[in-house]
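One chain, subunit A, links the two complexes that follow: it is found with subunit B in the first and with subunit C in the second.
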Partner chain A sequence: MRRSERVSTSFGFLGVGLFCLVFADLSVSTLDPWQEMARMARGLVTPDFLAVDRLGEALLQTLAFALLGVALGVVAGFGLALVFHVRVVRWGCAFVRAIHELFWALLFLQMLGLTALTGILAIALPYAGIFAKVYSEILEEAGPRAADTLPAGSGIVSAFFFARLPDAFVHLKSYTFYRVECGLRSSAVLGFVGLPTLGFYLESAFKQGHYSEVSALLFLFYVVIATLRLWMRPRLIPVYLLIAPFVLAGGAEISLDNIVRFFTNDIVPYPLRSADVLDITAWTAFGTWTWELVADQALPGIVATLVLTQIALVGSGVLTLVFFPLVSRRFLGPVGRTAGHAFLVVVRSTPEYILAYVLLQFWGPSMLPAIVALSLHNGAIIGHLVGRFSDELALRPDHPRGLDLYAYEVVPRVYGQFLAFLFYRWEVILRETAILGILGIQTLGFYVDSAIAEIRLDRAMFLIVITALLNIAVDGLSRAIRARLRLATTPEIQ
Partner chain B sequence: MGNFIRNIALSAIVSVSFVSAALAQAFVFTAVPDEDEMRLRQRFDKVAVYLTRELGVKVRYIPVKSYAAAVTAFRNNHVHLAWFGGLAGVRARLLVPGSEAIVQGYEDRFFITYFIAHASTGLRPADGFPAGIAGRTFTFGSKGSTSGRLMPEFYIRKHLKQAPAKAFARVGFSGDHSRTIALVQSGAYAVGAVNFKVWANEMKAGHIDPAKVSVIWKTPPYPDYQWTIRGDVDTVWGRGFKARVTRALLDMTDTDLLASFPRKGFVPAKNSDYKPILDVARSIKLID
Partner chain C sequence: MPIFDLKDANAGYNGRAVLSNVSLRIEKGERVALVGRSGAGKSTLLTLLYSQRRRGSALIPQDPGLVKTLSVFHNIFMGRLHRNGAWYNLRNLARPMRREIEKVEPIVACLGLEDEMFTPAGELSGGQQQRTAVGRALYQQGDVVLGDEPVSAVDGHQARTVLDAIAEAYETVVLAMHDVDLALAYTDRIVGLNGGRVVMDEPSAGLTRGDLDSLYQR
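Moving on, here comes the complex of A and B:
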């Protein structure tokens, strides 16, 4: 019974995705991609590590921002997880994690300038929101049995440390480890807005068509991600965290005036900025301002964002089912799996922006490159997680082989976990639609980016809040669906 | 570690006056990243060396990623002088009362945007606005660019009587001028708008295939790039500092330095030179 409900939900989402395709512009219009493609291909096979100035520095900065950002997020998130039952905390966390790291970075740039704190907070803040939620779920699901055996009158604190935490610790650790990889990706991408990480040079090189430098930077990043398990040892973490602040030292100084100005002037809607509280004309102008923003940007932005998200969600699901056998013990030997891992590392570590640009060259501007880029990126991430999960399955000695094994044994058994991952990723895909402005797709993120480019932070803030609310709605829906299908609320990450 | 802790402590409690007193003040400048960002640092580091010598204070260049980042850094007093495009300069001066446009490039008095089209469109060069671009795909450069966004959008609205999003099948923002050329050359976009200096540079570098992409219209001239300086520099670096910066910029005659802009030379400028840009930006509602 339960399984059929999962299947019908899947078909429901497939239906919504197909319905959205009707509204998506998928035209193919490129004429001559080959000249640029040939240059890219040449660059790819001739990575030039010497051409990038400050390559080592960029790498260190990427690691330092990621580690400090995630560490701060872990500490804050853990603290918040303990009081997650308080409604204000829950809402606050939902809000901060609903905003893409890039937008946090852009906001902090306004307040703090190009400082280390900007980069650290841009990662730490949304991650704290995510950690708080996931940690609290893990702690909740930790078996109550240990706690039940405690003598009556045990203190809350000792009960927590001796009964609840040990049981949940393995899960907390594996989830945190997974987020470090995400943190590295986030840190690299922060370079796009000016922090001195790999993304800074990657974006410049890519924009200028210096593809040998692009491939050098990408290869370096792939190696960092692929070898994460080797160097990310629990024992070494304190060492890394001690070194990281030295790597980030320097930069502009922080001024309180700028922070105050941001809150008291910049994000106050323009018509109200210098007006009296009782000034009727200012409030009328504010009404017009709000209405224009809603009608011209927010509503069309929401439609485009949702259409793209729903199609990319289905695309990610389909690609996950294609990708996960590539890294699964159940289907491939060590050699095949290594190749599969390499492939998935490349696909999930290449920023979506670059995937989209390459596809834009092939197909011209439409929603098609965006859909495929988002599906590839997320399919590779979930495929990696589902592949690992499938390794844990115990099979009977007389299990079927090949396609039968895939279709009748493994997929049905991993399906619940697969859906849990996918729904969990839903809000992430929604956030990622933000950074595809080059394709001329006017998602909410496109309008936020425009407002920031025009230094209209009041508009940017208004649209960011709408984006966050949309994210919270999707998150709530995803939670409700997962609960209904009795999927694990927290995906199990080994 | 010391620095890190200091940053955190500062963010919480200390005000700007303390910070500026505590740190030796370098005079910092930036430039809008309009093309070949990879080389900007090398080129402007040379300009920093020149200015350090001329002004007798430590001058530093910091690279930024976007037009908005350049304006924000100027506004936050993290940079004190900037090589802005027309629109970025107007925005910056509105945000920082007392700041002034002091010097512009010789060519910036009559800057031009080229409309370029892929050969398959069949569009030919003409004297009048190419109305045939309506309904095709179109890419601007950066959202905050004067030559890649503001002026082309102004002429599109004027001649096609519609917002770009309505006038074209799809509107993209390539991010910068070199990218605009690459995207139109590959046919990813049918038409685009590009800074005439960058077009000439890319042509010289052999990146443009005239059989695939060509200029179909040139806008009337408008004022563009300029050096803008904050109004409070004299209080920090002493009386007459602004005048000395102006002099140093005007005296820049070394061809190697000028090639970084690239400009023939520099001439004096004033805020009112950019009134037309402000008016255009207001008319198409890019500035409140």
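Moving on, here comes the complex of A and C:
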């Protein structure tokens, strides 16, 4: 029997995921997880909006960081998109977007201190890399035929504004809008490394067991995201961007000495600091330093990161196939669909970092909270997209119902799209997996975080670069698989 | 000096040959029809000719190559982007200028698109889009026009009006056409393609419909 390549690839990934499960630490180490979960559940249904100190400020700061960071990313990304055919630009963008916002924040904290610029750049830099890539793809796809037919000698400025930009504009706009939502999530999570955004207040409320405060913060965050379309009007954006800097004003001063020291000393591998370029012993010491770092931290970190990523990838896929009927017109009536939408919106609006953090409080530090958090979050995102895709299917009038409809008519038709979305999220899952190490799961982020705690920035930098390279490798592999299975290389996100 | 001069040209996509050993000379003032079954290589041959001589040539591709969010006026105006400076073009993009509208109006009228002048091209019917693409080529002016089935979605009577307009505006014309009667009526030379090879190259005068039937057989 000959299996289709898509099916055999799926089984391959399923097998790898199950194999990884053997090595994963799935223990629950807390004494009484159920009791803690019950307390949290009680807190969730009794949100206390008055209990949080400076609730409004937490929200304003989160918004201000997100808007300024994304805006800067848009401007830089658009400029870079225009020269994206230059190889150095492409590589540079791949590198900056392979590093998670939280890692950037950790680095900028060392360089710039606890300043507004740290938070803004932590978002703007990776986002610029993402915008550059996606914008250039959108511009590339917009009306290539129109550009071909322009008379010779039209000039690049006229050609761009007439043949490329008009048809691309609506796509650029909707992608940017989608990214604002991501920016809000990123901004909220920055609080976990000390910036004054939502995550900061969330963590302190959690540590004190004030679950009514936690739920108040989360509810407000959902409201902000759910109403995004109402307040995010093109006309109002300049107003927001003018107000945002005043919200963020204050904080520590930026020290030029710090910045210089960061580049010339802190991130230079320890054995090479103040050593002569021709000093053989320094280079030998550097070799040992590198080897020990690779063997003791990078390799175990890479293995744990990959194990967790592969399990979470399969988990996301399985949950997607469970979730998408909840929002599909093919399977549920309007009432059921509304409930399904509400559920998926909440799950996908919660940053996976926060989801993992919450579950970790219940179950203790193992891979289990991370697997569940990543699978839920990504399953909800892809489930939403696949559900919408399934609404567009043309089915014959006498199609079967129930499980037969699901298995025979719908899943086979959406499967290619499903795989495209899933492989597209692969590197996103990997990047997130690495960062969850900060919570104590021993992925690459764990070693980065420990190195920063020990103020060994040279090690942190080395490990972050390793993480970035791993991410780029997985991105390349995903691209190759998508090409081989003839899946869309860039599925429409919105 | 011939306008086009191909010698033993080959072309293909993904390793599959679409044109093999095509030699074709087209002199100034000639009106040539490329005929043959779909997949015979007409579009590829047109693209090849266009890539050889972009300056002074106007192209009407089969997929009309319009910018769907821009109006018919802007899409036609794009035929002359090369005659103006970038600032002038951008000003006219932001707000169409009276004098440019006046220049485009006769073309729009000739193509029967008066009522759609400021409709986004994406909202037009297939035939209207095709006429807009022809309008762009008419407005561009130059010495050669290369058209890939420029009237395939336009109905009979109007097709003749459109072809008349093309014939009047351009001295040298190369059109891929599947309508044999129109090809015989509007061109003076028929180049027949089959399986990526030139299998016929004769003056239109004296040819009949029946002579071309062989091109459409397997």
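FYI, the second predicted complex is superposed on the first by the 442 of 494 C-alpha atoms of A that agree within 3 Å, B and C clash if a C-alpha of one lies under 4 Å from a C-alpha of the other, contacts with A are read in each partner's own complex, and residues count from 1 in each chain.
Everything that follows uses one rule, which is that a residue touches a chain if its C-beta (ideal position, glycine included) is under 8 Å from a C-beta of that chain, and two chains touch if they have at least 3 such contacts.
If you're wondering where the values come from, they're calculated on a predicted model, not measured in any experiment.
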Pick one for A:L242: touches subunit B only (first), subunit C only (second), both, or neither. first
Please work out whether A:V170 is in contact with subunit B alone, subunit C alone, both, or neither, and reply first, second, both or neither. second
A:L150 contacts which: subunit B (first), subunit C (second), both, neither? second
Is subunit A touched at more residues by subunit B or by subunit C? B
Classify the contacts of A:V16 with the two partner chains as first (subunit B alone), second (subunit C alone), both, or neither. neither
Counting only touches as set out at the top, which of subunit B and subunit C does A:S158 meet: first, second, both, neither? second
Touch check for A:I225: first (subunit B), second (subunit C), both, or neither? neither
First (subunit B), second (subunit C), both or neither: which does A:L360 touch? first
Subunit A residues contacted in one complex by subunit B, in the other by subunit C: none
For subunit B, which residues count as touching subunit A in their complex? 1-5, 7-8, 10-11, 14-16, 19-20, 23, 33, 35-38, 41, 62, 64-69, 71-73, 76-78, 91, 95, 118, 120, 137, 139, 142-144, 165, 170-176, 178-179, 182-183, 185-190, 207, 209, 212, 286-288
Name, in rising order, each residue of subunit A that touches subunit C in their complex. 143, 145-146, 148-155, 157-159, 161-163, 166-167, 169-170
Residues of subunit C touching subunit A in their complex? 54-61, 63-70, 74, 78-82, 84-86, 89-90, 93, 133, 136, 140, 142
Name, in rising order, each residue of subunit A that touches subunit B in their complex. 25, 29-33, 35-36, 53, 109-110, 112-117, 192-194, 200, 203-205, 207-210, 213, 242, 245-246, 248-259, 270, 360-361, 364-366, 437-440, 442, 449-450, 452-456
